[in-house]
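Please go over the structures that come below.
Presented sequentially are two complexes of chain A, the first with chain B as partner and the second with chain C.
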Partner chain A sequence: MVLVDLAASKAMGSAAVLLFLTVLMLAAAKRMSTSIVAFALQSAVLAAQVLAVAHIHRSTESYVIGGLVILIKVLGIPYALFRLVDKLQAPRDVKLSLSPVYSVFITAGLIFLSFTAVHTYVQELRVSEDVLAAAVALILSGAFLMVSHGKALMQIIALLVLENGIFLAALITTFGMPMIIEIGVFFDLIMGVLLMGVFAFRIRDTFEHLDVSKLRRLRG
Partner chain B sequence: MQLTRLFFDLHLAIPVAIPLILLPGWRSSRYRRVVPVLLFVSMFLGAATTLLSWRTGQLPIVDLSHLLPFPFVLTLDRLSSLFVFLICAVTAATTVFSVAYIERHYGTGQQAWIWTFLPLFVLSMVLVVTAASAFAFLFGWELMTVFSAALVAADGDSPERRHNLLIYLLMMHAGAAAVAASFFLFLPYTHGLTFTQIRAAGGTLPGRTAIAIYLLAFLGFSTKAGVIPLHLWLPRTHPIAPSPVSALMSGVMLKTAVYGLVRFGFDFLPHPAAWWGYLVLLAGVVSSVLGILYALAERDLKRLLAYSSVENIGIIYLGLGAALIFQAYQAPMWASLALVAALAHTVNHALFKSVLFMGAGSVSTTTHTLNLDELGGLFARMPYTGATLLVACCSIAGLPLFNGFVSEWLTFRSFLAGATLPSPVAQIILPLAAGVLALVGGLAAACFMGLFGTAFLGRPRGVAAKSAGEVPFGMCLGTGVLALACVAVGVYPALLLGPLSLVAASLIPSGNVAQELSLLPRVLPILTTCVVGILLLAMAIPRATRVTAIWACGLPTLSPRMQYTPTVFSKPLRSVFAAVYRPNRKIEVLPADQPYFPVAVSYRSERTTSFEQSLYRPAVDAIVAAANQVRRLHTGNVQMYLLYIFLTLVSLLALVKVLR
Partner chain C sequence: MTTAAANVLQYLLLVLGAPLLRALIARVKAVIQRRQGTNLWRPYADLLKLFRKEDLVPPDSSPLFRFAPMMLAASTFVAAALVPTVNQSALLAFAGDFIVLVYVLALGRFFMGLGALDGSSSFAGMGASREAMISALAEAPLLLGLIAVAILAGQGNIVEIVRWTLSQNFFDVSAVHAVAFAALAMVAIAETGRMPVDNPTTHLELTMIHEAMVLEYSGPSLALIEWAQAVKLTVVLSLLIGLFAPWGMAANLTLAGLALGLGAYLLKLVVLAIVIAVLESSIAKLRMYMVPEFLGIATALGALAVVFTALLRR
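Moving on, here comes the complex of A and B:
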């Protein structure tokens, strides 16, 4: 039992650093599979965080949510994404709009910005500063990934990262949301991935590629 | 009181009921014949209401607030009574005219259309001038725009007409927005927007709010009044409306703007600054001078009249401006005099401009043209219409013994009184404005002499004018009554000035103008007697007459082409004011290779200056250019759009950080 307590407190303490690492990894990733793995890792860190909270607060609901996170975000969605990559038979590279070096620097800048942004709120909310900063950094870098990547698939991942950030922020500021809301959020997420997967197929079928920058032909 | 209230209710209810009568019998002419009668009765009741309430001093109040989410109150104070009476009188005469006019010009569907909207249009104007709450006022104001546009649309359809109508609606809505904004600016200082509450708040407003209210009201009402440079819609809309409708639009609808300006300037905001007056004065100077100059260069009868409306609104603005200046310098007597002058010109313009527009309608009824180049010699062919138009032309030119003289003389009188003010600026500017008014009067005389001379005197310039005949009795009656009113006011001004001095006294309590106003009513009847006596004497004395052929420059006979054309008539004035017109002249000689033996010579002179080109076009271009710049942001690239969102998010975060 002591071992589990120790693991929980370690997970709470080091989650932020691990999340930053996954964010930087996503920014630097050149291949689709790397991105998916990075996202799965990120979700795993998140799940560990949820489980740690569940253990510390002794709440059954949080255990269930943690289980759902592992089931859906760590295993389900990455598996679906891998299958999507296979099915679409798209080139494996992610098509960055700017070089991975700049991308990593900008992400680092975003992490810095998120630390400065949350600084003032930490006192009011009584949460650990680095986890809240990690949540904001996930949101920002999710948005940044959308901008910097041209592939429709990569934008699905970016949206998922963004969602992870929102999930984390909700988790640490409310110390666990009601079950029903969490389930609703997961349902939304699954529907979103489903829809975007369908759209990725449609885009591929219509335009013979997955590059959203070519969608400008749709402009009126 | 009961009677007054009953009359007022009926007056308001009948125009609403008319469309309900027309709907079942849309195609039946029997139903349609009832409409003019009902409209006439309604107008009669309206006039009776104003007279009754004027005599007894009791105000009929219609309060529909409990039926509506906003306070909706109508009442008749002195100022409202004046305008309601004006609307009723002009509309009654116009109705008499319209029966024959509309019958002759329009098919069944169009007739029903016009007779449906005409009463509603009149009702909306009555709403505007009787409103005692902001909501009622704005409601009437918008209806007025919509119904007048519906009436203009009755006259047919073409891309150009749609364009003109669109400009009309656009400018009217912009003006209405300004008026609405000026009302709503009162809100922080009152609990509601009935006029009583607004009046109570008006004296205690902070300076900047009062200025903002006044400027917005000025802009909004000036758009309706067609003051240059907000006149763009006026020469486009009035000529394309049916003649009785143009008579109402020009004669009465423009005056609702004057009503609004007086309401705001003298009733709601009791402490005007002097520069408010100078602003109105400047607008008046620009509109009156440019309006009459543009009118002078027109050859289309109704466009000429439309520009002349701009000029007359300018004269009214001159009076209003002077009144505001006197008010600001605490000279209530002169302020009332100037206000009486402005209101008198408002009434007079409504009378003679309606006659002129209806006269234009009569001319187009028999000749099917409004181009002065094709008219001529109509006086012999349509003597009654000619006589009424002559009276109206004399009135609008401001000749003594006609009503235009009375109001212009009063305006002059108040301007010259400006020399008594303590401020040197006013001492210089007001008498100078008298000079402007003199110039405008002269130009107006030339313009309308040209109009009457080319259209009614001389010989017909075209087949249409040659075969013209007198219009039906109803049409002559409609114009004739108003022309008689012009003469009556001109000969016996006390008819008009008595009530007007009471109106002015209700707005400027300390201004006693009886002394100043007593001069004209004493002089003019005597003058009239003398003039009529001399004329009779001259006619009584027998003179020797000789019948002989007219010398035709050695040519066998006189031909209509030897006459002055309207273009030639206005040529000297147009060369003097060439800087205003910047004409683009073109002389074409055919055939081009034989300049000494021409078969045909044509001359064209076009005004190249217009506010559309010099003011509105650059503004529109700038907006389009700005829109094109913004369009470059719309790359069509999804990532770009995401980047915008992202940058907004990041910069907001940074901003929060900086501000904290």
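Moving on, here comes the complex of A and C:
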């Protein structure tokens, strides 16, 4: 039990490190399946953080939310994405618009940027610098993934990464939002993924590819 | 006195036990592929047989051809003396020895490349140039990763870094450690010629790197190369274990402490061997032109680790 307490108290800081690694993994990934696995890992780290907060503050609501994160983000959405990749029968590469080396370098730069960005707020908020920086880094790298990848499916993942960042920021600044808001956010997320999945099918059927960069020609 | 004896023993364990680790990886791979696999002691029999055979030298080669494997073996064995395994000290330990480790390994590669070129076989020359490219690209991330860990620990000595890591809390994973580990693990794969970079079991001329270099070698020279290669793999893995997961390493020289250290070390090596075997069985080799990209990512991670040491200093 003592060990669990210790692990929970350290989980916040250590988990931030793992989040950085998943962000870098997403930036370097060359296949859809790798990206989906990286997203699932990221969500698992997030779930561990929620459970750690729940353990420290002894709140049942946070346990429920942690369970929901595992159910939806670690298992549900990755499974849905894998099925989507399977059904779309699209090529498996992610269509990176620049070399993975540059992508990793830029993501590293974004991580530094987030560290410098949160530096002034850390003292006021009394939270660990690592975790807040990880939240900002997730948001920034989600946005970067969105512009650097040309595949509709990768943009879904990028949006989910961005959402993970916002979720983490909310978690560490408020130590757990009210249940009803969290459930609303999750519902939103499922609807979003569902809609984007349908959309990906429509794009594929109309244009016979999933390359978003080619959609520009549709301008009237 | 007893420390010195323990150091000599752990050194001998590393150098003499290294072929066994290679055999273990091959065995696990065989099990995954549903093959029977070879005996775990087979590498030793191979080495003995090779040492007793005649050393055939290409007619056009110079004395360098025979000299290169000796240099490779000598430099690798020196590198092995720098790494603590069971005990919290090493046979050779001095300030800045992690840099020596990097360049002693590079020295062996350099001479191996020269020897391969000297054999005047076109395949060996091709292998040498590929190996030179990979080692040039792998040097930066290897040094950066090691420097990041050294800055974090505030020590320039591998043994001191290991001691510092041991004194840290298990749950206090630092961002530097995580990123440096990722960089060094990628380099370790490239340095030891394992799967996504080089296939140690291939003899297909288009893809082989290390195997192409040693094509012309036979007899005792080949035995030295094979042995050095096995020791190098063990050294690199032991370095990873020592820097990132040294828990269980013997602090004091009691019999119980040493036994625990030995058990923990062997367990970690076996786990790493299984991980390598599973990885090698599940992924395909990278195309030659993708290797710079792979090592470029490692370099980016290494640079990130070094900058993190400045960011996270409190």
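FYI, the second predicted complex is superposed on the first by the 219 of 220 C-alpha atoms of A that agree within 3 Å, B and C clash if a C-alpha of one lies under 4 Å from a C-alpha of the other, contacts with A are read in each partner's own complex, and residues count from 1 in each chain.
Here is the rule we use: a residue touches a chain if its C-beta (ideal position, glycine included) is under 8 Å from a C-beta of that chain, and two chains touch if they have at least 3 such contacts.
Note that the coordinates shown come from a computational prediction; the quantities given were computed from them, not determined experimentally.
*Asks:* Clash or fit: what happens to chain B and chain C when chain A is overlaid?
*Replies:* The answer is fit.
*Asks:* If we overlay the two complexes on their shared chain A, which of chain B and chain C does A:Ala28 touch? Say first, second, both or neither.
*Replies:* After superposing on A, A:Ala28 lies in contact with chain C but is clear of chain B.
*Asks:* Quick one: classify A:Ser99 as touching chain B (first), chain C (second), both or neither.
*Replies:* second
*Asks:* Between chain B (first) and chain C (second), which, if any, makes contact with A:Ala16: first, second, both or neither?
*Replies:* A:Ala16 contacts chain C only, not chain B.
*Asks:* Which partner does A:Val37 contact after superposing on A: first (chain B), second (chain C), both, neither?
*Replies:* neither
*Asks:* With chain A as the corner point, what is the angle to chain B and chain C based on their C-alpha centres after superposing, as a multiple of 10 degrees?
*Replies:* Spelled out: centre of chain A as vertex, angle of 130 degrees.
*Asks:* Smallest separation in Å between any Cα of chain B and any Cα of chain C in the superposed model?
*Replies:* So the smallest C-alpha to C-alpha spacing between these two chains is 16 Å.
*Asks:* Check chain A for residues that touch chain B in one structure and chain C in the other, and list them.
*Replies:* Shared contact residues on chain A (touching chain B in one complex, chain C in the other): none at all.
*Asks:* Going by the contact rule set out above, which residues of chain A touch chain C in the complex?
*Replies:* Residues of chain A touching chain C: 6-7, 10-11, 13-14, 16-18, 20-21, 24, 28, 99-101, 104-105, 108, 111-112, 115, 130.
*Asks:* Spell out the residues on chain B that touch chain A in their complex, using ranges where they run on.
*Replies:* Result: residues 634-639, 642-643, 645-646, 649-650, 653-654, 656-657, 660 of chain B touch chain A.
*Asks:* Mind listing the chain A positions that touch chain B in their complex?
*Replies:* For this pair, the touching residues of chain A are 97, 110, 113-114, 116-117, 119-120, 136, 140, 143-144, 146-150, 212-213, 215-219.
*Asks:* Going by the contact rule set out above, which residues of chain C touch chain A in the complex?
*Replies:* 169, 171-175, 177-179, 182, 293, 296-297, 299-301, 303-304, 307, 311-312
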